[in-house]
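The same subunit A turns up in both complexes below, where it pairs with subunit B and then with subunit C.
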Partner chain A sequence: MPEPDVLLEADRLCKYFPVRTGILSRDTVEVRAVDGVSFGIRKGECLGLVGESGCGKTTVGRVVLALYRPTSGHVFFRGRDLFKLPAKELRRLRRRIQIVFQDPVGSLNPRMTVLDIVGDAMEVHGLVSRQSKQRCVQEFLSKVGLNPESVSRYPHEFSGGQRQRIGIARALALEPDLVVCDEAVSALDVSVRAQIINLLADLQEQMGLTYLFISHDLSIVRYLSHRVCVMYLGRIVERAPTSQLFSNPLHPYTQALLSAVPAPCPRNTRKRLLVSGEVPSPMFPPPGCHFHPRCPRCMPICREVPPEEIKAAPGHLVACHLLGEP
Partner chain B sequence: MLQAGMKMCGAPPVKARRVSGYPRHNRNFGLTSRICRVKDGAWCSSAEREVMLEPAPLLEIDDLRVYFKTDEGVARAVDGVGLRVDSGRCLGVVGESGCGKSVMGLSILGLVPAPPGFVAGGAVRFRGRDLLSLPNREMRRVRGREIAMVFQEPMTSLNPVLNIGDQIVEAVLAHQRRLRRREAWEMACEALASVGMASPEIRMASYPHHLSGGMKQRVMIAMALVARPALLIADEPTTALDVTIQAQILELLERLRAEMGLGVMLITHDLAVVAENTDDVVVMYAGKLAECAPTSRLFDNPVHPYTRGLLASIPPLDGSPGRLEAIPGMVPRPHEFPSGCRFKNRCRWAEAICDEEPVLAPIEEGHLVACHLVARPALTRRDAGQNRPCDTGAI
Partner chain C sequence: MWNVLTLLRRPKAAFGVAVLLALTLIRIYDAVWPYDPVADVDMARIFAPLSLEHPLGTDQVGRDTLLRILHGTEAFYFPGLAACALAAIGGIVGGGLSGFYGGVFAGTFRYVTALITAFPRFILILLVCSIVEGGMYLIAALTGLVYLPQVAETVYRKVLYFRSTEFIEAAKVHGLSDGRVLFYHILWYNCLPPILKHLLYLFGYVILIETSLSYLGGFGVQEPDPSWGNMLAQAREYILQGQYVFAIAPATAILITILGLVSLGDAINEWGAR
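So, the complex of A and B:
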C-alpha cells in the first residue's frame, strides 16, 4: 500500500504499443515505450523525469493522466487505483491531474478565445456558473502574469511565452493537485524560459502544487525538482534526490548525460564522457541492460541480465550491475 | 586533387596531411589559424592579427542591413551588423528568436526571400569579394562550394522521397559536373564516413525517415561539407537534438574545423553551446550587435545588460538556489523596434540617455559593447561577475 503522504504512485507501469510490420502487416511487434516503471510523488514535491527523446517520458506522463491505459501495472492517486475506478469517478478525478504541454502553439485551439480555453474545463466540471466564468478566468490570468483584460483575445495574438502562460492558466483553472509539465519550457526562448520557470516555482509555493516535471534539459530539472528519475529506453535507470544525483551520479548513462550538458563557461576543463551511438529502437531493445551497447563500462553480465535497482544511499537507487559488485 | 582531399577526412585524422591535402584554395589558412591558436586561445591584438592573417578575412560583414517590407511597415530585421570570420575559427552568433541571427546567416548566401526582403545597405565580403553584388550565376558557384549552410531542422531539410545517397550524390554532381556517378557515389560515402556514420554504404540507401534526428543532422553536415567549403554557416544545428547527440555533433564540427581549417559561423540561442565551442562571440539583439568579444572575455566580463540577462536566465549548473533573473518582456517585433537603444524597454538600468542610439565601441582590446551605460559603476567587472552562472565544478 502507498504511504500516506504520497500523492501519486506508479507501480510497475508497462505500456506497450503494437506495431504492425512485415508484408501485408501480418507481424506485430511491440514497442515497449514504458517497461516496468515505478515511482511515487509526495505532496508538494517536484519530481523530475529526465531522458533523451524516445525513452518513454511522455508516455509515462500520459499514463499518469489516464490518457493511456497501461498494458500492466497500476497508478494510485491518493491511494486509489486510477484504472479500476468507474468511469464517472475517474472523470471527477481527472480535474485533480492536469497537464501543461510542450508546444504552446499546437496545444491551444486557434478558434477559441482565451475565455473559453481556460474557462471551458471549469464549466464542464461545474466549478463556475456561466456568469462567474469570466471573473474566475480573469483571476487565473492575472495569477499567471497575463493581462486580465485579454480574455476575449485569440491565441495568435499572443507571443510564445504568453501562450505558455495561457496553457498554465488552463491547467491551474481546475485547481489540480498534480500538474504534469511535459517539456513545458523546452520550446521557449532563454529569457522567456526563465520567466516561465520562475512562474512555475512561484505557483508551486503559492498553491502547494505537486509537479511531475518531464524534460530533457538537465539544468532546468535541477533547478526545479526535488527528486529526479533518469529514464532510458522505458526503464528508470537511476533515481535520487536532486543534489545527490547531480553531485554523485552513479549510473554510466546518468554520468554521460550530465557530461554532455554544455556549461556556460568557456574554460570548462571537465572531460567529456561521450557516449557513442544513439538510443536504440524500443521495438528491438537490446537484451540485458538496455544501455549496454553504448556503455563504456559494459561487462558480460550486462548483455544478459537486466539489472535490478540497488540502493546506493538513502533514496538513491541505481539499476546497474556495476554497483552489484563488491 | 579533390579526391585526395576527401580521403583526408576519413577517421582517424592525420595531422600531417592537414595542410598539404587542401584542395583548390586554402594554402596558408590552416597554418595561420594555427599560429593564432598557439597562444592558448588568447586573443591577439588586431594589429598582430593583421600581420598573421592575410589582410582579407575569410568572411567580412560590414554594416549589413536587411529589411522586409510588410503591411505594417518596414521590418528592419538586420540593421547595421558588422563582423568577421577567419579560417579555422568559430564565431558564435547568439540571440533570442526574432533577433535577426538567421536572416543575417541567410543573407550571406543571398537566400533571403525577396520580395519582401531586400538588402538596404552594407557589404558581405568573402575573401575580399562582395557577395551582395554577385550575379546570380556566380552566386550559385559560391553556395555550397565555398560557403555551405546547415539548417536547424534536419527533418525538413532533407527530401523525404529520395534516399540519402541520391541526395548527397546530387550535391556532389552539382559542384563537379565532370565526375562520373560512380565516383560521386564514392565521395558521398566518404563524406558520410567522415561525419561518423557507421556503415555508410548501407546508409546511402536509407531514406530520411529511417534515420534519427542526430543521424539526419550528420547527413546534412556531410552534404554541406562534400564540396569542401571554406566557410560553414551552422544555423542552430543542434537545437532540435538531445544533449548527448548535441555533444556528438558539436564535437564533430570541432574536429572538422581542425582538420579542414574550416571557418564556422555557429548561430544559436544557447549561450552554453557558444561557451564551449567558439573562439569569438557576437550577441545580437533586435537586428543590431549588442556586444562582441573573444568568448572567454565575454563570459568573464559580460557588459551589455542583454548579455548579462541572457547569462542570468540559464539555471546555474551548480544547483545554487535563488530566483532566476529573467529579462522581463520579450524581443519586440521587427517593425516595432523602439528608437534609440532597442533594449531600453527591457533594461533595468535604462536612463534618459538610452533614447539616443548607442554606438558599438570598444571597452578593451577586442571587446565591443553598444551601451550608453558602459561608463557607469553599476556595470563594473565585479558586479558583472555576480551574474555569471559559471565556474562550477560539480559536473
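So, the complex of A and C:
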C-alpha cells in the first residue's frame, strides 16, 4: 500500500554475498546481509535504522544508494525502480539520493581541494557553470558552518568535525531529496557530534530533506528520527514511531537493546535485560525467528516459523510470535 | 593541484629536470644545425687533443666527439617518447580497466602481461630485432611493450585499492560516469606520481637498450650515424692506445642522462607520497 508522499520504498530487499569456502573454494555459502527488508520513507521525515554491528544496516544503505545491486527485491524512488533504469538515467537520478559517510578521513579525496570535492559533481550535472562554481561552493560551505574562504584547501588541513561538514556540503550540493547518513557522527567526539547532529537537524528543516539515519547509537536516533526500524541479522524486527518505540518496545531484542543504553543518572537502577550468546553467523542464520537462540522468551514455534510482522498499534509493527498469541 | 614548484625544490628532481631540459635543447639545436657525420670526416685531425675547437677531441677519422655525442641523442629521444606513450596508454587503460571492472578482461589482460614479464626483456628484444627488420622505432616499441606490464600492474593495484574507498563510492553516488571516476578521480588525482616514475624509468631503459644494441652492432644505430652505444664500441678498440676521452665521454653521457631520469622519477614518487 504505497502512500502518496512516500519518497523511497524498499520492497523485500535481499542482498546475499557469496563466500567461497571448503577445499579449493568449491562450496559457495551466502552471507545473508539483508534478508527481506521492506520499508518506506516519507518525504521530509527522518527514518532511523538501528541495530548492532553486522546486522546489515549499512548494506541496506548501500542498496538504497544503488552501490550494491540487490539479490532480489526492489527500491522505488518516487515510484521508479532504481535497478530497472537505464545507466544514464540512473546517473541523473543519483544526485537525488546522497550519502554522508562515517569516516571523515576516508570519505574525502585527499588530493582534491574542497572546491573540487564539493563542486565537481555539481559541474558535471550542470547545476553550476565553471564560473559560478566557486561562488556556489562557498555558499554551501557557509551553510554547513565552514569558512567560505577555505575552498582552495585540502582535506588534511581540517579537523574531523570540519571534514564531516565538508562531506555534508558535498552531499547537499547536488540538491538531494534523500540523504543517507551512514553512522554519520559515530567517528566524531561527543562535543563535535552534538554540533553535527544539530546541523543535520537544522538543514532538514531549512531544505526539507529526508534522512535515512543509520546508526547503532540509540540516543542519537531518538533525537533525530521520526520513526525507527530495528534490525537484527538482516531483518527488521520492530518498527514504530520514535516515542512509541522508546516508551513501549515490544520485541525482546528491542527491549534488550534499549536496556543497554547507559543511564544518565547513576541512581536510576533500571533492570538490565541481558542477552546471552553471540550473534549467529549470517552465513548460517538460525531457522525460524533469527533471534530465537538468544531470546529469553523463546517458544517452540520460534524455532521453526519466521514471524510475520504484526500490527501492535498504528504504525507499530513487530515481527515476534509473542504478539501473535491471542 | 600538483604544485610543481614544491617538486623542483628537491635537488634530485631539479637535476633530473635539468637533464631532460638539456636533452630537449640539444634536440632543438640539432634540428636547427643538423650534423652530417660524413662531412665531418677529416683525416688531418685524427684523435685531436682536447681544445676549444674540439672540447672532447676527435675520433679515429677526425670527427668531433662532442658533436657526435650531441647528435647521438637523436637515436633515443623521440623513440623514447614513443615508448613512453605506448606503455602509458596501454598500461593506464589496460591496468585501469582491469582494476576497475575486474572480470574476464582483467583475467586475460593480466595473464598476457604476466606472460610478457616472464620473458627476459633484453633477450626478447634481441630476438625480435634479429627476425624483423626495423629501425629505432621498432626497438622503442618493443621496449615500451616489455615495460608496459610494470605500468599496468602499478595502475591495477592503485585502482583496486582506490575503487573501494569511500570517496570513490561518494563519486559514484554523485552520479559521475565510470570514466570520470576512474581517469579523473582515481588516476589523475591519486596515481600520477608512480605512473610518471615508471615512464621516466622506461625512458632511461630505452637509452640503455639502444646503447646496448648499438654497442653490440648489427642492431640499433649504424655507422656512420653516431649513437652513444656505437661510439663506445669504437672507443673500445682504441682505449689501449690511450684514447681515454673517446671512451669516457659517451659513457659519462649515458650515466648522467639515466641518472637524471631515474632520480627525477624517484623524486616525483617521493613527492607524490608525501
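Everything below uses one rule, namely that the second predicted complex is superposed on the first by the 325 of 326 C-alpha atoms of A that agree within 3 Å, B and C clash if a C-alpha of one lies under 4 Å from a C-alpha of the other, contacts with A are read in each partner's own complex, and residues count from 1 in each chain.
Here is the rule we go by: a residue touches a chain if its C-beta (ideal position, glycine included) is under 8 Å from a C-beta of that chain, and two chains touch if they have at least 3 such contacts.
In this text the structure is predicted, and so the values were computed from the model without any measurement.
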Fit or clash between subunit C and subunit B when superposed on subunit A: fit
Which superposed partner A:Ser219 touches (first subunit B, second subunit C, both, neither): first
Subunit A as apex of subunit B and subunit C, Cα-centre angle in degrees (nearest 10): 90
Which superposed partner A:Met207 touches (first subunit B, second subunit C, both, neither): neither
Touched partner set for A:Cys265, first subunit B, second subunit C, both or neither: first
Larger contact residue set on subunit A - subunit B or subunit C: B
Touched partner set for A:Asp189, first subunit B, second subunit C, both or neither: first
Which of subunit B and subunit C A:Leu323 touches, first, second, both or neither: neither
Touched partner set for A:Leu65, first subunit B, second subunit C, both or neither: second
Which superposed partner A:Ile310 touches (first subunit B, second subunit C, both, neither): neither
First (subunit B), second (subunit C), both or neither touched by A:Ala256: first
Overlay on shared chain A, then closest C-alpha pair between subunit B and subunit C (Å): 17
Shared contact residues on subunit A - subunit B and subunit C: none
Subunit C to subunit A touching residues, read off their complex: 1, 165-177, 180, 185, 189-190
Complex contacts: residues of subunit A adjacent to subunit B: 52-53, 159, 161, 189-195, 197-198, 201, 216-220, 222-223, 242-243, 246-247, 256-268, 270, 272, 274-279
Residue ranges of subunit A in contact with subunit C within the complex: 65-67, 90-95, 97-99, 101, 103, 106-113, 120-121, 124-125, 167, 170, 174
Residues on subunit B engaged by subunit A in the complex (per definition of touch): 96-97, 198, 212-215, 242-248, 250-251, 269-273, 275-277, 295-296, 299, 309-317, 319, 323-328, 330-331, 388-392, 394-395
